[in-house]
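Two complexes, one shared chain (chain A), two partners (chain B, chain C).
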Partner chain A sequence: MSVRRRMNQLVPRRASLNDLVNSMSKSRLFGWLAGHVLVPYWARKTPVHKQPGGARATVQPGDNVQRMMNLILPLKDKTAVGRAKAAMAIASNLDEIYAGLDNVGTVHFARFVIIENNMCMISCYDGDFSNYIRDFVAQLGTVFDSVIALIEDGEAMIPTRDNIDTFINWVHDRDVYQIPDTATELLHYGTIGQPAVKSGEVADLRLIARALILQLHANPNALLGSGYRGYPGISAARIRDKMGFGW
Partner chain B sequence: MIETDRDNSFDPKCVQGNILRGYHYARVRHLVLEVVNAALARRWLSQATDGSGAAPAITTEEEWLIKPASCFNLGFTYDGLKALGVPNASLASFAPEFKAGIARRAVKINDVGESAPENWASPFDTPDRVHIIASVYAEELEELDRVERQVADGLGGDGFAILGRHDGWNFDTDHVHFGYRDSMSQPRFVGVHDSDSYPDKQPLVPIGSMLIGYPTEYQNIRYAVPQPDALGRDGAFNAFRILKQDCAAFERYLDMAADSLLDDQLGEELLPVGDEAKFGPDTSRHAALREIIAAKMCGRWRNGVPLELSPDTPCPPEPVSPTDYDYGDDVRCPFGSHMRRCNPRGSTIVQRAARHTRRLVRRGYPYGGRYDPGKPDDEERGLLGNFICASLAGQFEAMMCDWLNLGLQDPRITGSNDPLLGANEAETSWFAIPLKSGRVIKLRGFPRFVTVRGGAYTFLASIPAIRYIANLER
Partner chain C sequence: MAERDMARHLVDAVIADSPDHKRGTRPAHTIGIGVKGHFRASPVARDWCVAEHFCGREVEASVRFSNSSGSPVQHDGWSDARGMATRFHLSGGGATDLLAMTLREFFSATPEDFLAFAQAAIPRPVEPPRPWRKIADMLRLFPPLPDPYPGQRTSSVGGSMAYSGLHSASQLAAFDASFLGAPVSYARATYNAVHTFIVTAPDGTERYVRFFWQPAAGVEMVNPDLPPIDNYLQAELRDRIANWPVEFLLLMTVGEMGDPLTDPTKAWPLHRMRINMGTLCLTEVPDDQQAHCEQLAFNPGRLTDGIAMSDDPVLIARKAAYELSRELRGGAACPFDAV
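What follows is the complex of A and B.
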């Protein structure tokens, strides 16, 4: 067989090449390769700055109230017994925890949820994150330590009140990364060793998907946008004031 | 003059003297130093701690019998500690905001727009090179020059490059630009008797709110001591800020706001016709309204008399204390005024847990010539401010981001910024002046009067800490 004929058999005609490429994104094999091989390789070649968790610093008053916290704290004991211990640690301190949150004064809602061997603490609060955590720990003293003791790497933080800055940082690290509301903001993060797009510069919008994939590689959990607010820009205290609960 | 109880465990000769007391000199010079030769710089530090050699001796907290001709103090930035060879493990033990440096905390403290670090003046436009702020306090300019020469000559000259020089002076005793009297309210400490301090109704402040390594106002928490103890203990953190004040804009705004309240019903409730006389003979209605607005924005009349004790006049018939009061409702002193935002004292705030915890020692000097409204000029003027505390995040930044801006402490001011120095924009700014009848005057349209020109987070290391740094080998 001539070389040319063999090539014709191996290389499909142009139309079918397009079909092949188009079908790749739907193909399970390609999907698997992209997720398990291509992205990790790509992430090694162009590592991105792992963005910190939690609400971003902002100067808009409306964005500085009703900020979302989504802590994911992996339990040390990943059995039903471990989960029960965590449930008990919260339950037996619930009154103090709620009183503490009341005195922090800037919290709209807070809840504790066990999801797949993680203790999740989810809340909506006003103002600065570190002020919120500092005031919370200051209220609770050692009560909260019994919860932190059940969390992976938690031991080093105890007693939390003697090491408040380190503890705030530790918590911040475990607050879920929040994908910005405007996708182009992703491009301002930049990759390690390569400057980010400066504000004002025109960003190459085609890079958004890539930036998102690489960031989600670095940060597996994510809050999608800053979240829905039923009454934007209003602090917990303003609601309490208006509804006559006192603040 | 400061005395300390014997049972107060810190040793005055170990603590830098500019933390717990005001020196009350007429002038200050802040020299911005970059370490260019660490070994020589360390030897110079060694001289500065014991007064040997040519370096000026660092002033400590020890009592003095005769006030010296000048005082000298040092603040180290994180980059400065690094440049001097402080080991990585020690560097890592400092609080995150100090490690980041003030420029990287800009958004949090609302240093944005014109105040953003990329617009700061030299040398603060290259924050990584700002290593030490050396502050000289004296009565006379010649003495400042003499001490500066002492820094520049000898080892200092080869160890450091002087990147900048910032002079401040009390051009009118304690008055600052915008015309207010300043330097009255300061925290008073447990076990420290400072005959200069004015009495007030606030609980005494545990020394740990300023000096590192002691219990703080938060009964349950402590700020970590940077390691080793010899480096961390008895130090304090400082936010050094160069704050440019737009005096012309401020006076213009007072004019404009007073105009809008002339022949206005609310204006008449604020200043009942005839009450102009309480402002001095021949004071016009317009001039009196201007003073009321200036007072409401600050919390004091410009002559220093507190609104809470004298709500209707800057010249009360009987003298009142400058500081001995607590806040009641907001008809006397608005919740949104500068002073009440920065220190709500005993009044209720949303963050009940934070009550009395965000205290700062303030040591500021005005810079630039006195502003003459009759002869507006382009000279830059403002305040060289030191805001001292044990935790920059827990005190200075907490005040800047939740209270001065945003106004989280009281739902009635949330969403507004400090009228004097908040990050205001004319389109959105507002400031409420509540009246006795329950009606409210809402002033709007004021710009940002204060712009940040530079700054640094510094560590006012103890004397043993400076010796520790001086003895590092690397």
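What follows is the complex of A and C.
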């Protein structure tokens, strides 16, 4: 058989193998293999740190307004009764919450959401995280106490006004990791003890995909980027001022 | 290196990236379509910039949408950056240009780096990755290398990715470029002017800003799993404009202390303050594309009072390179700084 005929036979066979491999990457079998075998394997081989949660420290004004907080607080009582208690802890303190929001003045919005036996506190605020929590504890200490009492590992914080620094750290630990807006930053979050790409080493940019997977393995809850804003760079105080609300 | 010499090297480097480049045409963004319309500034634009087209009077505008390749062969459906070059026609025959593309950042921070990048990106023969290589990638949790498009024989992607692997400045652009895709319409993509400019407000305040065009119709990309179509963008735009004007918002992002002001490889954070500077309304595709599109020579350095170039070395080099390119292809001259 001539070489050309051999090649002609081989090419279609390779094309079909290629199609098979292409479809394999989207198959449920490979999805299972990746999730249950490959991710644990690479997480053991190249372990990554659990990243701190919340918005990152920065000195730039535009980064210090409309910062996102996403607390996930597991309820102690994982029944409907426990969830109802959490709902009532908020509903019975509406005056305190509104007065606190108005007095603190740096919050764009805040909400409490119960998701699968977690009390989630989600807010968008201006300024430094520690000061934000400190201001709210000063204004809403009793509300925090009534909510925190329902949360796993929360009782040691009560009363929060007397444990303010410990409480700030406790909250920070429960604020979800914010994946960087710039994907290539993931190359710098490497294996524990070393960057994903060492200085002078050739970086295969496809490593970003694995870096993201391993970050989400170490940080199952995540905010995708730093959030999306309809009026970026504007503080709540400035909006109130410009809108003529009398603040 | 003297400005003119650098311009020559840049133009040559870009031409070298398209071996089938046709002499007398644009070295890059060779295939495009010209449209006409007008730009109306927003009510607040004049508070931020004293440039004539931001001061309230509606001005005529010429726009050229393009694919980024310097090849004369059209591949609309291939993943690639698209260009949107806009000329604002000012009073007294003056003009100012704004050049933008669908990529949010550039590949190089200096013209010298761009020469090295362009050298690395010279197209090389490309074949489908071997199946075993794809499987190995999948086992490493890497996205498998994509197959070439049907009929594609060469590609610059391998070279540019290899270069970016060694040069961190170009990594973000290279990474973002791998996700660009193809828009369903030239009117349904966001176009970024990438470089930093300095705008002057009526009170004399100077601000560092970056511009981008946002489509009123929204952004939409073609399904990358479908076979690419080589020729649809120009016909789609003609049909669209025949039925309804195409509109874009011109948004201006205001930089802050600490933002990279002279480095186009670094996009500014998305949560910087952005100002609506006005609306571009495109209403006509001129029949004489040669006169209203191909003969036009846009230049990112063609500015007007109230807008100045930053010290971005790539922007400065582009001004000379675009002018040289215009001379080489015999494009219509348009005096700089004419107002």
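Methods note: the second predicted complex is superposed on the first by the 213 of 247 C-alpha atoms of A that agree within 3 Å, B and C clash if a C-alpha of one lies under 4 Å from a C-alpha of the other, contacts with A are read in each partner's own complex, and residues count from 1 in each chain.
Methods note: a contact is a pair of C-beta atoms (placed from the backbone, for glycine too) under 8 Å apart; a residue touches a chain by one contact, two chains touch by 3 or more.
What you see is a predicted model; the values in this text were computed from it and never measured.
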Query raised in the report: Superposed on chain A, are chain B and chain C clashing or fitting side by side?
Result: fit
Requested in this report: Would you sort A:Asp181 into first (chain B), second (chain C), both or neither based on which partner it touches?
Outcome: second
Report task. State whether A:Ser130 touches chain B only (first), chain C only (second), both chains, or neither. Result -> first
Query - Contacts of A:Val59 with chain B and chain C, given as first, second, both or neither - result: both
Report task. Could you say whether A:Ile213 touches chain B, chain C, both of them, or neither, answering first, second, both or neither? Result -> second
Query raised in the report: Regarding the shared-chain residue A:Gly233, is it in contact with chain B (first), chain C (second), both, or neither?
Result: both
Query raised in the report: Does chain B (first) or chain C (second) touch A:Asn169, or do both, or does neither?
Result: first
Query raised in the report: Which partner does A:Asn221 contact after superposing on A: first (chain B), second (chain C), both, neither?
Result: neither
Query raised in the report: What's the minimum Cα gap, in whole angstrom, linking chain B and chain C in the superposed view?
Result: 5
Query - Doubly contacted residues of chain A, that is, touched by chain B and again by chain C - result: 59, 61-62, 233
Query raised in the report: In the complex of these two chains, what residues of chain C are touching chain A?
Result: 128, 131, 134-135, 137-144, 147, 161-162, 164-166, 168, 171-172, 174-176, 178, 254, 256-259, 267, 269-274
Report summary line: Listed in rising order, the residues of chain B that touch chain A in the complex are 95-96, 107-108, 110, 112, 218-224, 349-354, 357, 391, 393-394, 397-398, 401-402, 405-406, 408, 410-412, 414-416, 423
Report summary line: Per the touch rule above, chain A residues touching chain B in the complex are 57-59, 61-62, 64-65, 100, 102-106, 126-128, 130-131, 134-141, 161-166, 168-169, 233, 235-238, 240-241, 247
Query raised in the report: Which residues of chain A touch chain C in the complex?
Result: 14, 17-18, 20-22, 24-25, 30, 34, 38-39, 42, 59-63, 66, 181-184, 187, 202-210, 213, 225-229, 232-234
